[in-house]
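Some notes on the structure that comes next.
Going in written order, the chains are labelled A, B, C, D and E, and every chain counts its residues from 1.
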Amino acid sequence: PSLARAQDPIRIAFIDPQSGTFAATGETGYLQLKFAADYFFNEKGGVLGGRQIEVIALDNKNSAADSQQQLRRAISEGIQIVYSGNGSAVASALSTAIERHNRRNPEQRVIFMNYAAVDPILTGADCSFWHFRFDSHSDTKMDVMTSHIATKADISKVYIIGQDYSFGKAVGDAAISMLAAKRPDIEVVGNELHPIGQVKDFTPYVTKIVASGADAIITGNWGGDMVALGRAIADAGLDVPIYTFYAAYDGITATLGEAGKNRIRLVHNDFANPVTSEERIAFTRAFKAKYPHKDLTQPRLATSLQMLVNAMEETGGTDPFQLALAMEDMRVTNMIGDEVWMRGEDHQSFQPLFVSVHTDENVVFDADNSGFGLVTEFRVPTQDTITESSCKMNRPQQ
Amino acid sequence: MLKYVSWALFAVALIVLPQIFTSILSVSILNQMCIAIVFALSYNMLLGQGGMLSFGHAVYFGLGGFMAVHALLAIENEQMMFSVTLIPLVGGLFGLCAALFIGSFSTHKAGTVFAMISLGVGELIAASSLILVSFFGGEAGVSGDRTYGPPFLGFDFAQNIEVYYLAAAWLFLATVCMYLFTQTPAGRMANAVRDNPERAEFIGYSARRVRFISFIFSGFFAGIAGGLFALNYEILTEQNLNAVTSGNVLLMAYIGGLGFFIGPIVGAIVLTLINSVLSNYTDLWLLYLGLMFVLTVMFLPRGLTGFLMMHRTPWHLGKLHLLAKPYAVTAVPGSIFVFSMVCIVEMSHSNEPTFNVFGFALDPSSFLSWGALIIIACLAFIALRRTLPSLRDAWDTANAIDTKPGVRP
Amino acid sequence: MSILQLQGLHKQFGNTPIIRDVSLKIAAGEKHAIIGPNGAGKSTLFHLITGRHTVSSGSILFKGQPIHNRPPYEIARLGLARSFQVTNIFPLLSVFENIRCALLWSQGYKYSFWHLLGKAKALNTRTEELLVEIGLQERRNLPAGELAYAEQRALELGIAIASGAEMILLDEPVAGMSHSEAKNAVELINRVTAGKTLVMVEHDMNIVFDMADKITVLVYGEIIASDVPSKIRGNAKVQEAYLGEVVEEHSHA
Amino acid sequence: MIEVLIFATLNGLVTGLLLFMLASGLTLIFSMMGVLNFAHASFYMLGAYFAYSISLYLGFWPALIVAPVLVGLLGALIERYGLRRVHKSGHVAELIFTFGLAFLIEEAVQFFWGRATKDYRSPDLLDFPLFTLFGQNFPAYKAFMIFISIAIFIGLYFVLTRTRIGIIIQAAITHPHTVANLGHNVPLIFMAVFGVGTGLAGLAGVIAGPVLTTFPGMAMVLGSIVFVIVVIGGLGSLAGALVASLLIGLLQSYAIASDVGMPDLLAWLGISFERDHPLNDIWRLTLPQVAPILPYLLLVLVLIFRPSGLFGKRES
Amino acid sequence: MLEVADLHAWYGKSHILQGVHFNVAQGEIVSLLGRNGVGRSTTVKTIMGEVEPSGSILFKDQQIVGKKSYEIAKLGIGCVPENRDIFPSLTVRQNLLLGMKSSKGSSRWSIDEMFRMFPNLGERADVPGGVLSGGEQQMLCMCRTLMGDPELIMIDEPTEGLAPKVVEQVGELLQEIAARGVAILLVEQKLTIALKISHRVYVMGHGKIVYEGSPQELREATEVRREWLEV
């Protein structure tokens, strides 16, 4: 490579919604990745002997077709690394498209860093050599959630409600089978599916929940559906824990506010209050200083970047095939000192998981500047989160 | 004669364009345009020519596309064997079948009744697509691979450029067919029924049957567009048949100009470009797009094509040159105004300490940037208001038939 | 042989009877006028015959076939064309297209989407001829909605006669036309309906008495007289219900 | 079971009346001006956001008055400087205009208020359970919603039937010149109607915002359902809009409350099927699952069998 | 009462009125005659403010050029257009109600009086205007305008489509209206009736007034009649 080439930035395409209804998460994701790149690498002299990392946001409008269009744009511009994560449908479309593209155009390959899409199938039946997932998949999260429920002796009836699509259904199915294994005495008194984004008022559903006599609720709802459900439960005066995956940040925490206090429990892999790691505190403070209205919702973006950079330094370049090989079975230590392992077999990462509660007590780092935030109650170490791989990976030749 | 020349030009443009814009991205955008044009033209068969305002045209596009993907899957699984060049036809036929069924009850009436049935049917089918997972694949959609069919003239369609030429061929064919349809008795009666359905019945035509015919053809061509989509993206999702897609095609046809055959073509090209180009410069592109729509509807009621066609009279009168200077004079303050407004909007939206708009560095925290931009915007606006009357005068002059200009006091 | 036969026709809107027990025979080739006071039900009668309204009871036979309660387009296809009292044209289509559309069915094109209009020589020549006949050849490319009122009336007439139907129903064909235009229109009507059956409603008595072979007087939905013009003129009941003294004045003018 | 039924009825009533609040404004505009106002739900959203901002400074009650007025004024301005211009180019143009407007308003809201959900709350004064039945609270705020909706119905009904405004506007849609020739200031009336209609939407937003959450997608959720109501009820019929709103509110509420579905039906009929049957998806459908799409089904059926809607007199 | 001077009007590029001038006094019936398409209806529309003119129109010594239609109507000019333009979806009674300028206020005319004058309308008071017979619509339109209590009423072809007997009736009605002090500008095709009831007549040709006189004079001016009115 010529001298000039060596100074070119390493460009990363961040393909996520940047406009429309789903833009909020895509936008903070972009800012966080960019911030992490600057904070950890660019400000310290870059990588691969001085090359800067440049993150380019490409708007996929939350659509599979637009994601492909943006993928083609990224490829046209010679980009070899693609980040995406919002929505499993989009992620799986992108994964398929990248797999095909790399097969049809071996000289223009790209690697896919999935930072948030949790459908198990992405590292299961549909796993791809080019796809790496940095979030735990929903079955693992459900495993943690049910383990936590299992420790609560006062829970005997559980109501499951979710959005009517694959993720919502997967949550329901997993909850039922896992609860049956861990606490056979718990009765699942309802397993309801509602159309996604269509329900105006959840009170009718809450009525059913009340009538069922449930003393805990499990839901995979996110976005507006989560807020509306939380509100309706509080309005009806139903005082039972609600187990969720996505009930925080992007206005949700602020809107749930008092209504969700000590009701909402969240499974996640990004450590919340109390934060003990100095590195993490400094990172969070620096981010807040730059973007006061945003929250640091996905610290695993930093972890993923760390792995990527390690792989680059190891291989001395950015060739996606080499990067992918290098990342397999890589282990890095994240900001809070836990080890994250990228399993080579299916490109699924493993890390500790947490169950936290929505509250305004003992919150140092709040969400939405609302005073409310997450306080961790329960931690599951990495080894307990590891599940079998069902991936039969199709490994390309160099 | 002119007609044949335009068709030839059209064909040449289709062939040459990807040789000029060669990147993967541009080929992909061209591909998208082909799809959008067929779709928008099919929509205009309904609204522009048949007077049927549909809020659910994406249904036929989407259903055709889904069927096309299933056909791809069937080829992949070796249940069927035919060339993927015929995939759009599969989509078209399925769109036609869907239109046959839905049209059988929805074309009874035009106007609001038709519009609302199309809305209801659209919502129903979009919602069912999430429920009927085996056909629609839920929110993840269905995806297929276009490269499994027998090669066609040695092409296996692995590359986008091959798909482009296939799409362009279909586009050309579909456009010719749709144009010819407007020249047939059925096509002309569609216009008549749009104008006055009652009178049409008294000259021997069942308004319902006439609408029905337009409707199924429109469904057919929408299905072809869906099939092309399936070939290009190899995936169809719920989004391809929901209200957003239906709304989009309505906008394309309208912005382009409903009253003209080429209107939807213009609209499809412009909107595709905006969609794929503007969105890369700013995440406020939807805001600008909305603003643009509203302004177009207000000031160019006959769409972009209508605006161009307005220049036919001065052209025939040989007075087009009279407009050049006033246009230029208005364009200067106009573009400065638009530009400074864009800067102001972008600045108030920005998360970043400084950023560039078309090469200008702006600092949202500095009063200087704000003040300067606001003053520039105001000045440009005043200048614009000053120049508009002279443009209007020039326009009147250029359109006046009399030799003495300005007869009208 | 009567080409059109109405038998015991009744029509009511809600509870209001408009047509009460109308029976009438119209012979093939006859020029028949229907006159009567405003609101007598003349236009309603036309609407019944041409399928715009359904009949409440009774029957209508055209060429021996029952046509009541059939949709307008089926009746039109049998060879029964009409014009409207309130102008009813295709406002956005050009004058030329208005006429051509009116010709399509009778020239056998039906719902064809495999014929090109531009190639249909006979159709286009016939359209041109008709344009000349109704005097609108210079306006041929104008959208019909932009024509002056009287021109629109002429076009209305043109659409009605275009198909060359065996029987033509004209509802106040010359209303709104000036004297000279009315005269031209009458000539035109005479020319194109030669050998055909014509039924018309008209308030201009000069024209009625000039043109009609037979006149039917409709008052409050009932036929009070149906006879040759000379007898009608003298009929006292008709004079009282409809004509007033105006007839004399007109005949003098 | 009985508690589910009672609450389902209450919920249906609340949802229905809320929908009516929106539908009333749309009926007004739709029937009187013939404008299919696609942006209607957007004005509703604006109402909620305005009220949110105002309530931060002045509290809920002033917002209840000020926000709808602001929305109404905005609506009137949009009519004056936008819609009126477009009116000349016909209904489709008007529709596209409001369509673009809906787009624009949604984006503008995101621009000014951001994309995150807003913490807009009901007033403390009404923040208590009105009664508790079978362990479930019925918030006082919902009773307040019911009260306002009924007040709107009575008020509008009076204005429409006891004044000439209604007929003037109806006539002016088709014959603006003639109405002007009779001495009525048509543009002013149109502007007022649009203002009042959008103001009503704004009011609905102020009231619904705290219950249905205030976020940029709130217009989309309600956008087409309002049309469904207005059409099912019959164009231009206020009573029809009320009946249709309640019908849809109750229908959805009961559908959700019910636990029946195809499996029950099939079991009842004694039919069994394989789990991998191609129509498996259909055989497994339950009523609650399809509840939100029932209105569209109803819409299509009503239009096929009674194109003028339940209470509609005229067809358009 | 009404003074029109040097009135010009255009439709797009075509110059329709090319300097029209005439006047109408209180209680007077003035006819505007002429062939089809000479611009008589356009004159009426122009006065009503529907067509943008240049020139001068004084109504009760007030310039009304440039005013909006409804303002002109409020000043007291009523107009019965040639295309009838009744409101098809409103009932006969509602049509008449709409004619009133305010819901209260006294008018020289009441709905009952109208129904007495035209029993046809009375019978059909609650039927939608759109289903009326052609002649009934014509009557309704005239009554509606009267309901607004205008001081000047412009009537465009009132007798078109009316049965001969009703034409007589309309003539009498017009005379009665005039007798109540209302000025009438009558645009007519049928010379017979125009000559019978008018006080003065104007003849229009090619967008200009080409003749002015009393009915008697016009009856005798065969030259004028031949050139501008008949064939």
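Just a few scattered comments:
We take it that a residue touches a chain if its C-beta (ideal position, glycine included) is under 8 Å from a C-beta of that chain, and two chains touch if they have at least 3 such contacts.
Fair warning: this is a prediction, and the values are worked out from it, not measured in the lab.
Between chain A and chain D, the least number of touch steps comes to 1.
Interface comparison, A-B against B-D: more C-beta pairs in contact at B-D. Most remote chain with respect to chain C, judged by CA-atom centres, is A. Distance between Cα centroids is largest for the pairing of chain B with E.
Put simply, the C-alpha centre of chain C and that of chain E have 29 angstrom between them.
Work out the mean CA point of chain B and of chain C, and you get 45 Å between them. Chain C has its Cα centroid 75 Å from the Cα centroid of chain A.
Remark: chain B and chain E have CA centroids separated by 49 Å (rounded to whole angstrom). Among the residues of chain D, those in touch with two or more other chains are 110, 289, 292-293. The set of chain A residues that touch two or more partner chains comprises 23, 27, 164, 195, 198. Shared interface positions of chain B, defined as residues touching 2 or more other chains, are 127, 131, 133, 284, 286. Per the touch definition, chain B reaches chain A in the complex via residues 23-26, 28-29, 32, 127, 130-131, 133, 138-141, 143, 145, 147, 158-160, 229, 233-235, 237, 239-240, 276, 279-280, 283-286, 351. Remark: chain E residues 35-37, 41, 82-83, 120, 124, 127, 131-136, 138-139, 157, 160-168, 189, 192, 230-231 touch chain C in the complex. Looking at the complex, you find that chain C touches chain B at residues 50-52, 71-73, 76-77, 81-82, 84, 88-93, 97, 100-102, 104-106, 109-118, 159, 162-163. Contact residues of chain A toward chain D in the complex are 21, 23-24, 27, 164, 192-195, 197-201, 203-208, 210-211, 223-224, 227-228, 231, 235-238, 250-252, 254-255, 257, 293, 368, 370.
Taken in their complex, chain B has these residues touching chain C: 180-181, 183-189, 191-192, 194-196, 198-206, 209-210, 213, 217.
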